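Given below, in the form of structure tokens, are the structures.
What follows is subunit A paired twice: with subunit B in the first complex and subunit C in the second.
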Partner chain A sequence: MVAYQYYPGCSLHASARDYDESVRGVLGHLAIKLEEVPDWNCCGATITPSLNQLQSQILPARNLALAAENRGDLVVPCNACYMSLKKVQHNMVKYKEIREGVIDIFSQAGLSLTGMPEVRHLLEMIMEDVGLAKVKEMVTKPLKDLKIVSYSGCQLVRPLGFDDPEDPQALDQLMEALGAKVLPFSQKSHCCGSSLMTTQPELAFKMVDSILEEAKKVGAEMVVVTCPMCQLNLDAYQGQINNKFNRTGQLPIIYFTQLMGLAMGLSKSQLGIQRGIVSSNKALEKIV
Partner chain B sequence: MFKDFTSEIMSYPGGEKITACMQCGTCTGSCPTSHAMQYTPRRLISLIRANQRDTVLQSLDIWKCASCYSCTTRCPRGIKFTDIMYILKNLAWKEQSKMENKNIAGFYNAFQGLIEKRGRMNEAELIMKYSFQTNPVKLLEFAPLGMKMLLKGRAAFSAPSVRNQVQLQKIMKLAQERGGE
Partner chain C sequence: MKRVGVFICHCGTNISAAVDCEKVAENAKSFPGVAYSTDYKYMCAEPGQELIKKAIKEQKLDRIVVASCSPRMHEPTFRRCIESGGLNAYLLEMANIREHCSWVHPDDKERATIKATDLVKMAVAKVMQNEALVRSTIPITKRALVIGGGIAGIQAALDIANTGHIVDVVEKEPSIGGRMAQVDKTFPTLDCSACILTPKMVDVANHPNVNLITYSEIEKVEGYVGNFDVTIRKKARSVDLKACTGCGTCIQKCPTKVPSEFEMEMMDRKAIYTPFPQAIPNKPVIDRENCRYFKSGKCGVCQKVCPTNAVDFTQEDELVTERYGAIVVATGFDLFDESVYGEYGYGKYKDVITGLHFERLLNASGPTMGKIKRPSDGKIPQNVVFIKCVGSRDEAKGKAYCSKTCCMYTAKHATLVREKIKDSNAYVFYMDVRTPGKGYDEFYTRTTDQYGAKYIRGRVSKIYEKGDKLIVWGEDTLLGRPVEIEADMVVLATAMVAKADAAKLAQMVGFSYDQNHFYTEAHPKLAPVETHTAGVFLAGACQGPKDIPESVAQASAAAVKVCGLLSKEEMPTEPIISAVNEAICSGCGMCVPVCPYTAIDLKVIQERIHGKTVSRKVANVNSGLCQGCGACTVACRSAALNLKHFTNEQILAEVDALCL
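So, the complex of A and B:
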């Protein structure tokens, strides 16, 4: 059994419990073992770096130090957490003051960064280590004719990410391997507004509206996502956004792991699919 | 201490390349919130280079950055403008502790407070803290959505926390002290 370390991040223990359920369901089905990093902490998202740069390095670095005590790559399902973790690794190599600051602080708290793990987004790990051939082999219920757009979001594919920043391909390829019909979509890596949804909703509403409207226009029945925060912004706020801009029609926002699970024959409830605020029932009628 | 604002920005990790800017505006054109900014990314750089420190740090535009890294990805001169935005916000936060926009300050305070205290985040608690710090009436606005999340089993009942709070609080404090100069 292949084993990885798992950093779920705060959302997957609460508002994105469905993502966590589907991650565990699908990886278990693929005989991949996940060990949750013991006593992990919040990575600080985009908030801590806005307030204090060194603190924003310390938070993800502590998780890396805890993971360094065990073996295996560190798998991360949240785009923002992925960016934070990759960034501190990058900064520690590039900037002496950050490297020395983190090492000095950690030495006073019994933490060590020797043997830091490789950080990989869950989608990256599935594409590279599991591979499309194996995914196809595991499909028992192809997502026949399910029309989707794939939305990777921004932080997954930007400077330190693993896919094309302007036109990411991985999620499209994975969805095609499941048998879905992937529609052309120009906003695959556009930003959804992240925490502006709370502080300045007038900005974030517009960003999400533009993503959803294009998805509807190209005929998508669902939007597939790779990040708990993208999901929350597009799903939970969709009603308010539709009201504000007088839009009709609702689009379910589903995690890529949920669709993988369905295509591999897992049940909807095992994958947390009933937890979407916008229901997926109608869109999934033809496949389950 | 610093000759001017430009050298101050250059002294922080991520700000070093700012003088390479050729004012092409690719950053502004790529920015999903620049339409709502008085000072767009390109203009912020020119204001920094014109040494207009107060204008830049007092502007609420820097808080409109969503950290999407679009500008950084596309800048033809390799300037990491997302990091420059972070540097500007760090400075503004340190120096204008009373920010004009209560919503923004309240949210950042609530989030950071929860991390410093317990090390993990819980959206329901974050919204409560944020509402009490800004305007408790907000709780009513969030209530319908909160209710839906609850019914879908997407709200945590207990406040999550790391076990080794002492360690987490210690390293956060050390970083705070060290980040000062």
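So, the complex of A and C:
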């Protein structure tokens, strides 16, 4: 059994339990073992860097230090966590003052940094280690005729991401492997507004609206995401956005792991599909 | 008794700020052979040179050391100086105490002074060993070669031809005209590019001294200044230029359509084609890669319809070798591959185009007959966004340099959008607006003030398609806020880059190029059209980004240099070449393959040894071909080869002076 270290991030223990359930469900089905990093903490996401640069490195760095005590790559399902962990890793290697600052603060807290694990997004791991061939092999219920757009979001692909930042391909390929019909989508890596949804909702509404409207226009039945932040922003505010911009219709926002699970024959409840705010029942009617 | 004079130059403060020149001059007085030593503020200036000449006479000096800058610039100056003072030019030695000393040790005067003294000591030791050398002469072939038939090549050819010299112009494409032929209007006057270019094309084609060799490439270059032997590959045109009348029937009847390179693939051409209506020669060529006859053996319509039997499928590439006295390289530029800017969607969105595409859309003989229409649906765009510096001034993704022409042609494009499309908007995203040049800034001011183009200082971060619009996201850095424009068309001001095969040509002809593969001039200020290779000159954008006026000026300058060379019957050669001491040469031949100029061969000599005549082989240096690189002297195991002016003894004298 292949083993990875797993950093779920705060969302997957709270608002994105459905993501966590589907990740564990699918990887279990694929015989991949996940070991949750013990005593992990919040990565600080995009909020802490605006307050204090050095201190914002400490939160992700501590997670890296904890993970370094065990073997295996660190698999991260959330785009924001992925980016903060990758970024601090990059900064520690590249900038002496950050490296020394982190080591200094660590020593005050009795921590030490013995090494750094490879940080990988869950999608990256599935694409590279599992591979499309294996995924296709595992598919028992192809997502036939399900018209989707894949929305990778911005932090998966930049600045240190693994896919084409302007026109990401991995999620499209994975969805095609599941048998879904992937529609052309210009908003694949546009920002969903992230935490602006709480600080400047007007601006975030506009950003989400642009993504959802384009998805509706190309004829998508659902939007596939790789990040709990994107999922929440796109899913939770559709009523308000429709009122504000005079739009009609709602689109279910689903995690890629949920669709993987369905295609591999797992049940909806195993994958937390009932937890979405906009119901996906209708869109999924034809496949389950 | 040899009497050496030492002259230490201050070079203003370039040397004297870091080196105590008086002290160096004083120290030099004690070196063996030195009869006179002094220092002066500017040794290369008239009074400095007079100082040297006077000292030669008064102090009876017979050899000279000048300690100043790199010999690259002023060795010829001081050689002329001592020659007019009555000494052989090669009894001069220069000590480089600027580039090799003051400039690299600006902060330690004491040690820099010691180093300068050492450098002078070495030069004195060497000059003591120097011998008078005599220049010989070589004949000059009075024929010039211009590589490239764009505006720079055309201008250079015309200027050379007008002085009575024969010029061959070799052009890779089927027609001369180059990039300028693709351009619609020219800044800052907005006169039509073709209207000023095509008369020049006709002039050059009709000139009795000009020989156009189109659809041809340089295959090989041998020889040296005055006598370059150039092999030219005349690609098979499949059309007999003499028989063809240019009637165009073949083009009409040809069934194969191919995207036209000249029209930036926005329009089709035939497989037998002339690139554009005013092409010179206005006679077609068959594109064998796409021609149905060459691909499948069937068709041959062009041959059947040709009234003069000019179509010849059996033509083959032809190699011709010609001798030239001088070469002008005017090979022009390419455009940066902007698909690396994924965020702009070039190649993905049909209405994101380059400035050169836009030129064709403006052009009356272009794909839209001069109406600005979108390539995607042929609609007339209302909002046109221009993005400058795409590939230029961007070390992360593009080139570090400024492409120089984009600010002006973008202003021109914006003006023409506003002029040709009623109620249109022209938005220009820029980093800086750089408009030095006569009438240039006035043109830009008119673009904004009179034509109302909207200039936004900032970069574009993203372009995406929404319906039939292109949404352009950028930042207005002056107002500090994001900008979103619903554009109908986006025009990228793409960087000018060196031709893809620029390095290959430079290696073939034998001159240098920079990290961007632009050709390197001999001196950035004082020799801008020369290369480091004698007899090879540069014109136009192959040397660096340039607009039309600059290319023309440089072409004329290069032509003057060529004419200067060709005006002489013969030219002096550099006597710093290898010499063979036949007495100790064993004839092993090790030197023959190491010579990069194929200047050495083996000859048979007859000798009388013990009353008998013996013949044996020895190395033989061709003084016309030898460039004095010295490679053979290192390879020679018996030290029979010696480079004059850099003999083993002379070099050892320098080492001894420093180390003993």
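We adopt the following convention: the second predicted complex is superposed on the first by the 288 of 288 C-alpha atoms of A that agree within 3 Å, B and C clash if a C-alpha of one lies under 4 Å from a C-alpha of the other, contacts with A are read in each partner's own complex, and residues count from 1 in each chain.
Criterion: contacts are C-beta pairs under 8 Å (C-beta built on N, C-alpha and C of every residue); 3 or more make two chains touch, one makes a residue touch a chain.
Every value quoted in this text rests on a predicted model; they were computed, and no experiment measured them.
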item: Combined model on subunit A: subunit C and subunit B, fit or clash; value: clash
item: First, second, both or neither for A:E214, with subunit B first and subunit C second; value: second
item: Which of subunit B and subunit C A:P165 touches, first, second, both or neither; value: both
item: Subunit B versus subunit C as contact partner of A:S186, first or second or both or neither; value: second
item: First (subunit B), second (subunit C), both or neither touched by A:S107; value: neither
item: Which superposed partner A:S267 touches (first subunit B, second subunit C, both, neither); value: neither
item: Partner touching more residues of subunit A, whether subunit B or subunit C; value: B
item: Touching partner for A:L51 - first (subunit B), second (subunit C), both, neither; value: first
item: Touching partner for A:N281 - first (subunit B), second (subunit C), both, neither; value: neither
item: Subunit C collision site on subunit B, chosen from 9-17, 27-35 or 117-125, when both complexes are overlaid on chain A; value: 27-35
item: Subunit B/subunit C common contact set on subunit A; value: 165-166, 190
item: Contact footprint of subunit A on subunit B as seen in their complex; value: 12-13, 32-33, 36, 63-64, 66-70, 72-73, 80, 86-87, 89-90, 93, 103-104, 107-108, 111-112, 115, 119-124, 127, 130, 145, 148-149, 152-156, 160, 162-164, 167-168, 170-172, 174-176, 178-179
item: Subunit C partner contacts - residues on subunit A that touch it in the complex; value: 164-167, 186-187, 190, 214, 217
item: Subunit A - residues contacting subunit B, complex; value: 10-11, 13-18, 39-42, 44-59, 62, 83, 91, 94-95, 97-98, 101, 104-106, 108-111, 154-155, 158-159, 165-166, 190-191, 193-196, 198-200, 202-204, 207, 236-237, 240, 274-277
item: Touching residues (chain side subunit C, partner subunit A) in the complex; value: 342-343, 345, 348, 462, 464-467
